[in-house]
Amino acid sequence: MSLADFNLAVAALLLATIGLGLIRIVLGPTLADRLMAAQLLGTSGIGVLVVLSSVVQVPALIDVALIFALLAAVTVIAFTCRQYPDGP
Amino acid sequence: MRPPSLLCLLVPLLLLALGLSLGWALGDGLKGYSGERLAEVALELVPESGATHPVTSVLLNFRGYDTLLELAVLLTALLGIWSLGPAAPPYPPPGLVLASLVGWVVPLLIITGGYLLWVGAYAPGGAFQAGAMLGAAGVTLTLAGHPTGGLPAEPWQRLLAALGTLVFLLMGLGLMALGSGFLIYPKGIAKWLILIIEATATLSIGVTLIAAFLGGRPMSLRNRSR
Amino acid sequence: MNLFLFCFDLLLSLTLLALAVAALSSRDPRRGVILFITFGLLLALVWARLRAPDLALTEAAIGAGLTGALMLGAARRAAPRFDSEDSR
Amino acid sequence: MADPYLPLAIVLSSALPGALIFFLDEEFHRLRTALNLFGAIFKLILVGWMIWGVFHGHVYLSHLELLPGLELILSADALSVLFVTLSTVLWLVTTIYAIGYLEHSPNRSRFFGFFSLCVSATVGIALSGNLLTFIVFYEILTLATYPLVAHRGTPEADRGARIYLAYTMTGGVVLLTGAVWLQTLIGPLNFTQGGLLSTAPESLHPQFIWIFFLLLAGLGVKAALVPLHGWLPQAMVAPAPVSALLHAVAVVKAGAFGIVRLVYDLYGVEFAYGLGLLDVLGAFAAATILYGSLKALSQDSLKKRLAYSTVSQVSYIALGASILGPIATIGGLVHLVHQGLMKITLFFCAGNYAETLGIHQVSEMNGVGRRLPWTTLALTVGALGMIGVPPVAGFVTKWYLGLGAADAGAYWAILLLIASSLLNAAYFLPILYRAWFRPPPPSWPEEHRFPTRLETDPALLWPPLITAVLSLGAGLFAAAPFSPLEWVRLIAAREYGP
Amino acid sequence: MLDPLALAVAWPLLGALSITLLPRWAAHLGILAAVGATLSALGVAFAVMDSGSLTSELGGWKIPLGIGLRADGLAAAFLAMVNLVALGVSIHASVYFADSKARHHFWPLWFLLWTALNALWLARDLFNLYVTLELMGLSAAALGALSGTRESISANLRYLLLGLAGSMTYLLGVALLYVAYGSLDLVQVARSLAPGPSSAAACALMIGGLSLKAALFPLHFWLPPAHASAPAPVSAALSALVVKAAIYLVLRLWLDLFAGIANASAAMLLGLLGGSAVLWGSWQALRAERLKLLAAYSTVAQIGYLAMFLPLIAAAADERGRASLLVAWVLLALTHGLAKASFFLATGLVQKTTGHDRIAELGGAAQSLPAATFALGLAGAALIGLPPSGTFFAKWILIQAAIASGQWWWVPVIMLGTLLALGYVFRLLARAFTREPTPPHFVTSARAELSALLLAVLAMLGVGLAARPIANLLGV
Amino acid sequence: MNPEILITQMLYGCIGLALFLLGIGSFILHEGLWRRLIALNVVGSGVFHVLVAVAYRGLEQTPDPIPHALVLTGIVVAVSATALALAFGRHLEDQNDHA
């Protein structure tokens, strides 16, 4: 097993965690569940990206991972902010 | 109002048939695809375009006209949103934890935007991604209760939203007036022209995205005090 | 032929498809939007795999991030009304 | 030596003033009158010039090629000059009449605008050099007369206008289809003396028959051939000048003129005879003549009686065309002019009765000859002409039709003429009797006094007198040069060749 | 060197941007930009008439890499018509929106739409066409919703979404073509296009997507509500220009791009849809209770006529027949553009006067606006196809081609469609002749009424009689 | 041409097509702005996916930058349209509330 293959295996594993997280997102039932799952997804996504970066030989994927991380933070904010107050 | 059941049966069947034929068509196309026509030409000419990153050179030089019109599409969406009515009332102010998180995230997003803009010349990144970062910063601010997502007053918003398209267009027209031709950048300064366009486009995209998230015409200061 | 890579591709593709189906068949707008955001993030991963880091960046930031934020902002407003319509 | 501008100028000489008139404010009375009269007189001068030119062998041809095979042609041959002259003279007279008639009614700018367009279209029909141009002006005529029929704005006017439109437009679409079909088979349809079709291959003949029916149906609507005549009595709601123009010149004549063009200059009279089409046309004409007269008998409304009389009389033209031989042709063609002169007189008179005394029904006409002697005199001339009493123009028509029928061995046509004349007498003579010999009632339904020593407004009085004199003259001086009859002889001679 | 093609796109865009920046001056800047854009477009048309088709390679890159603009006769004819109509609409709008809150929003969006239209006629790059389609779709939907009523917003939302679906479908076709032929340039792809599954699928996707945008029966259902609920000048632009742009692209792709694979049976299918559209649209227009709905359904019918040409073009015996059908197509499209714009503008005037546009209750409104009624009448006559409008000559050629190619069944469709059109136009015009008092003047608001009237006059007298120059422009 | 690349292109291309069709199906079958917008975005993603797939030219060669640029443009257009559509939807709801 070459290094690239090992990396791929890691990536596949991370992908599997994403898949598990997805089930949680679909099933819910509470907002918190979904939020946590989305966070998990973000984190695993970053992992996949870092690994992929070496597999497909695109160093710029690290930048993409950075954006993922930042967006995860924004997502937290988006989820936790309250609704619009009722009425004008 | 549920769609009739016959439709529910028919549509998937039709789509399946369509999918099979499309797949066949795609396979047929790919088999005939030698993969070295336009792509080769484009990659070869990248050094002449004023940017070293291929996607950036395609986007801002080879197919700059598309990008110009695309900026116009963004502007259209914004003007359309504004035409519908005033913005939604602002979000309530955030709690303490959230406020500090926002305080961290917003500057980071802006810095990242600047970074993406700068690397766009030679690496993945560029006006759209950078603009999206600015937009995300504004959205974050809005969510945290800022009534305009950090945007200035309406006249400035208009200026910023139109700026990218305006600079792009005026540059094209100016070059034409100077004898070079519409959107034809002289070799020596191409890099700088692209950077100017990208910078202004970033601002416009960011502002447009924030304004779109606000979802309506900027409210005047008096109404905003609430 | 790199079998590992192919398996990884297959896994990625199927996850993507499953997400799309989940997002499209969701009746609750909030859940649909969250699934759609997740779909966008996964799409960004796929594009990263296809060596398109620019697109991965843009999709993550705009396709998933901003579109998601836009929809989420609106979905929350619509949710109660939607639920009542749905239960009819 | 082809003059490319004169035919166009003749059409535009009424169209342009018409277009200007629309923009005039309602109270610009003098300017409107001036424009109207200027257009009418200017057109008359141009037409006079053209008559002189055609007589001396000049060729007049305005044309505009739109696409290969689609060409607008305005040209002047003897037949078109006949119709143009009729329209122009009668337009001038009718304009004067209309100015008097509509003195105080609303929407005069609109009325006169469409009135001018209507005449332009009629003149365009007359000058059309091919079927495409003919159809163009034929449809413009429909469009321009619709507002005139609807002008009064009453529910009856609305209804009459709708019926008029439904008939004529359907006819127009049928005509268009037939024309395009024919053009697909044999190319551009330029009106040619002796017809176009005789050289076409025999395999096309069955299609030619179908096309003839389509074209005849399209033209027959305007010519009020039974059973396509239904619109004409309904259109009586229009103001009197419009009825006069519609019945005497513009609409029905456009249809009749089209039938003449169809038989003589597209199919060729001998070719049409060979296909047996003339018999069909003759049958329709005969049916129309009898039906119109019979219906006229039972009408109490003066205008309706005149309308059914038109249905009947216009078909003399078709009858003339349907009988093979130059003499019948002369009879038919000359009726184009004669019927126009006589019928317009009758309608002017009817308008005068209505406008001056409020009389609309035949039964109200007792003794009207004493109150309006000149008008009734004109009416008498017209009515006697219609019956065919010499020396009024109508006699000439019937004489030639009869001679032609005898010549061609079509004795049924002679019987038809006799029957029709008897019927004409049966519905016109009672009117004359009432007008002259019955005592007048103590008061008229709605008397209107004009500030003049004459019996009515001079603008209303002179036109019927002029046309009555013209109808008399056309009969009395039928043999003089430039008379309608002489002109028609020229046409017939050319059609049948040496 | 000044590039007239780029200028024709740049002018309206510059107008849109300057109005965005200076909303206070909207109406003045608007008229200025409208005149500039029209002049630049007419400049292109005259240049094409002089020297044949123009091409420019934007950015200075050879065409498969750079984006090409092209103005051939077809594009130039439409460009000229569209800009004339747009100028008329602008002048009208400067009155219509003068004291309305919507004016700040109308002008910039209107010029963005104008930009999209000009860019669309000149585009020869398949992806560039997608961008212009989206620009057109977005600006059109935004403009359509300017009246702010519930039905206008929901109708235009539907229009927006369906337009998106249509352009996405189109884009998938472009993607397939790019896969197979490695180029996005229309002319280049056309040159190398070979029959096969990928080109057939691309054809189906692209034509299908555009048919949705062109409201070809049975994909027309979005059009009547969207066009009927928009403000009148916007309806004019939508019905006369935007829909025309999509059907123009259908023809352009059909003739230029897919000429090699577009077969007779596919053309027949489109023709049948067109025929159904003629009958259905005209029938619905006849039954419509509101004036603007009537006009919108009439657009559905007119699009049907335009689609009906395709099987006849496919069946044309020789090059001459094809050429004359093409000219007829252009005549019909141009006439409809001018006439429908005028019709909607005049409708807007009537609606402003009465406060509604229910046909049954119009009463003397038509009579009190003689110039507008006149415009309605002339435009209506041009829509019916009464001579000497371009529609008349187009129908003549259409019937001729139908008979010549043995496809006689189109003839009754055309006849019936014409009669139905007569019905719906005169159902309306009959209301103009009532016993209401007449206003003393023919024209009351010169800019608003004369713009409508002039467009109608152009439709009735201009296009048909100018068939020869138009044919020359098309190089026929 | 390298079969490995072809298979990858085909795999992802077909996924793109599938997304396109799923989206279209959902667009036709489902009512409601939310579902239609999501469906449309999935449709768009499907088309973009096809483009990205065909731009892929293996691990050694630089991918074709032109489809990438097209997709970038497409994404921005899609978000513009989505934003506009959402604003329409919000306005409709507001009118419902007032009604």
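The letters A, B, C, D, E and F name the chains in turn, as written, and every chain counts its residues from 1.
FYI, a residue touches a chain if its C-beta (ideal position, glycine included) is under 8 Å from a C-beta of that chain, and two chains touch if they have at least 3 such contacts.
For clarity, every value in this text was computed on a predicted model and none was experimentally measured.
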Graph separation of subunit A and subunit D (steps between touching chains): 3
Residual chain clusters - subunit E taken out, nothing else repositioned: A, B, C, F | D
Identity of the chain that, by mean CA position, is farthest from subunit C: D
Chain closest to the middle, measuring from C-alpha centroids that were averaged per chain: E
Between E-F and A-C, the pair with more C-beta contacts: A-C
Euclidean distance of C-alpha centroids - subunit C vs subunit F, Å: 11
Inter-centroid spacing, subunit E versus subunit D (mean Cα positions, whole Å): 42
Centroid distance [mean C-alpha coordinates] between subunit F and subunit B, Å: 16
Rounded Å distance, subunit D centre to subunit F centre (Cα mean): 69
Residues of subunit F whose C-beta touches two or more other chains: 13, 18, 20, 22, 24, 30, 33, 37, 50, 54-55, 59, 66, 68, 70, 72-73, 75-81, 83-84, 86, 88-91
Sites on subunit C at which at least two other chains make contact: 2, 51, 53-54, 57-58, 61-62, 65-66, 69-70, 74, 77
Contacting residues of subunit C [partner subunit B, same complex]: 53-54, 57-58, 61-62, 65-66, 69-70, 73-74
Subunit E to subunit D touching residues, read off their complex: 320, 324, 327, 370, 374, 381, 386-388, 392-393, 395-397, 399-400, 403-404, 411, 415, 418-419, 422, 426, 429-430, 433-438, 440-443, 464-465, 467-468, 471
Footprint of subunit E on subunit B - complex, ascending: 21-22, 24-26, 28-30, 32-35, 37-39, 41-42, 45, 61-66, 68-70, 72-73, 75-77, 79-80, 82-85, 158-159, 161-162, 165-166, 169, 172-173, 176-177, 179-185
In the complex with subunit C, residue positions of subunit A that touch it: 4-5, 8-9, 11-12, 15-16, 18-19, 22, 25-26, 28, 34, 38, 41-42, 45, 48-49, 52-53, 55-58, 60-61, 63-64, 67-68, 71, 74-75, 78, 83-84
Residues of subunit A that touch subunit B when the two form their complex: 60, 63-64, 66-67, 70-71, 73-74, 76-78, 80-82, 84-85, 88
